[in-house]
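As structure tokens, here come the structures.
Presented sequentially are two complexes of subunit A, the first with subunit B as partner and the second with subunit C.
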Partner chain A sequence: MERSSSSLWRKIRARYNLVGNVCENCSTAYFPPRIVCRKCGRKSKMEEKRFNGDGEIFSFTKIRVPPDTFKDEAPYFIGIIKLKEGPMVEGHIIDNGVEPEIGGKVRAQFRKMYVEGDEGLIYYHYKFEPL
Partner chain B sequence: MRDVAIVGVGLTRFGERWNSGLKELMAEAGLAALEDASVSSRDVEMLYGGTMASGKFVGQEHTAALMADQLGFSNIPAVRIENACASGGSALRQGYIAVASGIHDVVVVGGVEKMTDVTASEATTALGGAGDQEWELFQGITFPGLYALIAKRHMFEYGTTEEQMASVAVKNHENACKNQFAQFRKSLTVDEVMRSKVVSDPLKLLDCSPISDGAAAVVLAPLETAKKYNDTPIKIMASAQASDTLRLADREKLTELKATKLAAQNAYKQAKVTAKDIDVVEVHDCFTIAEILAMEDLGIYQKGKAAKAIADGETALNGKVSVNTSGGLKGCGHPVGATGVKQAAEIVWQLRGEAKDRQVKDAEIGMTHNVGGSGATAVVHIYKRAD
Partner chain C sequence: MAGIVGYGVHIPIYRIKVEDIAKVWSEDAESIKKGLNIREKSVPGKDEDAATIAVEAARRAIRHAGIDATELGALYAGSESHPYAVKPTATVVSAGIEAGNKLMVADLEFACKAGTAGMQMIMGLIDSGMIRYGMAIGTDTSQGRPGDALEYTASAGGAAFILGKDKNGIIANVVKTVSFTSDTPDFWRREGASFPSHGGRFTGEPGYFRHITGATKLLFEETGMKPSDFDYAVFHQPNGKFPKMVAAQLGFTEKQIERGLMTPIIGNTYSGSSLIGLAATLDVAKPGQKILVTSFGSGAGSDSFAIEVTDNIDSKRKNLEKVMDIVERHKTYIDYSAYLKNRGSIRKT
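What follows is the complex of A and B.
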């Protein structure tokens, strides 16, 4: 599915730099950032937080039947990463030759995710690299 | 609050229905339900229609008014309910509320999806809308991918095996063979499932429910006047629903669907029954791992115990509890908007004793469980005979 450039632009801060937020009322950290804290509701007080990107693999899979937009990337690893600083994050696990395993250590990296055709937009995103 | 009964049910055959569009499917199921309830089109006061992604599949929105239009329900209020794959179950709950409240007497609940007019990858994208667009779909995470992440963790925590998951598909195909409405009337072996193409490990093609066309409809009426329409009305003992985070990684636990647990607990309380009282249940097996989760989260088995029980045959037809006698989403097919309504139709047939070759002996209490997305919506209904 093609996306508008404005819809990409809005999320750049979070997607490029792993910027989420933390509720100062209850100290719960969130990535991706939330407008309202799930625990505090209207009492939430959200402050921006950049995560350092260290974490471990909580679960993972290798996607072999991709959506159209990712047909040139398949197969690729997707994981749920438990960040050291709290939140669980879904993302690509970079295939660097280290076979992913539950509990394996990873670190977030800034990477190209895919290119929309020959003249389309280039999408960048965080991805997790096994250490 | 009034008691509510189902007085008529109707279904189309599920599968690749090349000769039928959205309208034909709606009309086929709707007319069958009206016939079953002996009500005329003019008796119907309100319609709720469950459809998930008709806009993406066939370019048609506004499907509830269309359904009312096609069935000759002149000018009645009609509301479309979209709750991803739980659209049908959610529509049923809205119909129940409309009758229970006393606002309407005869209400039709329909569900429909026409999915095979698009390519498989377009269908995958349409269904992906049930997850978090910005943080899941955007990264190329598919629905099989989300359930694969759940399955992998379930295997890690509870020792669940791929063969045990495969046994869910084998059981549901066995049941589907006995259902004239089912998409796959063909039995499978564990070995065939294991050897099918890997979609997103550990899930293989035959762990996944198919892309299907189909529609289902039920007619609801107040229990006190239900005999006017049908000799064996089926009482809805409970109607419960819960939601959860759309994004899988936000969940408290990856190996359970909390929305299912909450809806089930609420439903058992309303119906004053426990999981042990359920004789027959239609659960949401969009993937084989999903049936394992359902059996645990509905409280029928303890967490981590369902996979072995299913592989041992405890949930086969006329086992300890009969699960997905219709063939489930896996065997009967999964036209997403229709599924939740089809589940109710199957339970009605079971409780009336009209399920023919797949009849559960002495079925008294039945249940349906319909899930949206990777668990952001769950709807549970409990039923019994009221004659």
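What follows is the complex of A and C.
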């Protein structure tokens, strides 16, 4: 993950609260935020938007052999979530006893993603909980 | 005086039963269940800590209050299990609810009563006119030493209360609050120690009972109120038995405390304990009803509150997630080995 706390700091709003943006010209929503709208180019009018975290599972997969960072987590699910407002977001799916399924409704929750050893930073992040 | 404009609770979905802990230590589950009046306790997920619990509770409180998080002028997070020794939990919470940057923020620690201490501080800031709204949180993922009696009760959960002065938004007025404090070595944890130490079973009397009765009687003196004036009472709940005993000592009935008595089904959520009990009581309270809340924190001290429910409580429930619904939501039982793994005691090397 991050090599520096400054890169964490820049991404906090996106990671904690799914803050992306929307083009006021064509209403297309983006997460992560884009500087220019893909459709409108020079005509784009980007406004910050906090997505409310509701969405559905577009696809998912079970991770059995995780990267070192998540070695204590496996097995766990990650998925592509289609947010209610449109954007596709990748994220961890919380194990709450509800088997993930395509089209299944989820909601973003605030969780610990990764802890840097015994002395480093704690990285908080959204994860999606099946409803 | 300042009043409550919204609240939210979070309790992790995992539970472990007294039977599953007792089995490991060859103890008699039935006598523990009876002796402590507890059936099961909540356990945090591997990816939950006092900060994540606080954020989830705070988000629910913001929705219930119907305010924008940037309207908060202060936010205090009370816990005895702050994830960092230096780096305030409350900073993570304020970012987690998008409260912006223009607010006073600090962490508090007073064993199990840091949440109610935060409420008193917020009230002072509101009544002095320094802020319009403030949030006080009690949140913990507490741990008992394996094999210690505390292992049956130490659990995880939190509650966030938003206070304000806005007449149309207040669901319950705080009529009066007082505290009772002394230097009592009943329970402690030194910097760097993983588990707390305590003075054993004989510390109940000089700790819990002396301070709760001290603060509650002081509240009676200063308000002229008596137990029968209250519809409900909530006392700190280190187990399911102490609050019943202290209620009887003070002249309250079992019926007055049963709605707010959550420890038998979720365990002792430490800083969350009395606030979750208050939330569960507000979930069902009717306009005009009066609630007594007395917290307790080892070390030691108690904060006592006389609270009166307003007419706004019913209309504001449309955005409320009730405590019992949160307790039952996706509730998942785990065994002792999964419990150790969730707490990080077992790791892959």
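As a working rule, the second predicted complex is superposed on the first by the 129 of 131 C-alpha atoms of A that agree within 3 Å, B and C clash if a C-alpha of one lies under 4 Å from a C-alpha of the other, contacts with A are read in each partner's own complex, and residues count from 1 in each chain.
Just so we're on the same page, a residue touches a chain if its C-beta (ideal position, glycine included) is under 8 Å from a C-beta of that chain, and two chains touch if they have at least 3 such contacts.
Treat the numbers as computed from the prediction; the structure is a model and nothing was measured.
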item	value
Side-by-side fit of subunit B and subunit C on subunit A, or clash	fit
Partner chain in contact with A:73 - subunit B first, subunit C second, else both or neither	both
Touched partner set for A:36, first subunit B, second subunit C, both or neither	neither
Subunit B versus subunit C as contact partner of A:16, first or second or both or neither	second
Contacts of A:113 with subunit B and subunit C, given as first, second, both or neither	both
Superposed model, angle subtended at subunit A by subunit C and subunit B (C-alpha, nearest 10 degrees)	150
Which superposed partner A:50 touches (first subunit B, second subunit C, both, neither)	second
Touching partner for A:94 - first (subunit B), second (subunit C), both, neither	second
Touching partner for A:61 - first (subunit B), second (subunit C), both, neither	first
Per-residue contact with subunit A, leading partner among subunit C and subunit B	B
Distance of closest approach, subunit C and subunit B, by C-alpha atoms in Å	13
Set intersection of subunit A contacts, subunit C complex versus subunit B complex	71, 73, 113
Residue numbers on subunit A that touch subunit B, as the complex places them	1, 3, 11, 32, 38, 58-71, 73, 76, 78-80, 87-92, 102, 113-114, 125
List of subunit C residues in touch with subunit A within their complex	13, 45-49, 51-52, 55-56, 59, 83-84, 92, 95-96, 98, 330, 332, 341, 344, 347-348
Residue ranges of subunit A in contact with subunit C within the complex	12-13, 16-17, 19, 50, 71-73, 94-98, 109-113, 122, 124, 127
Touching residues (chain side subunit B, partner subunit A) in the complex	121-122, 124-125, 128, 134-142, 144-145, 148-150, 152-153, 156, 197-203, 245, 247-250, 254
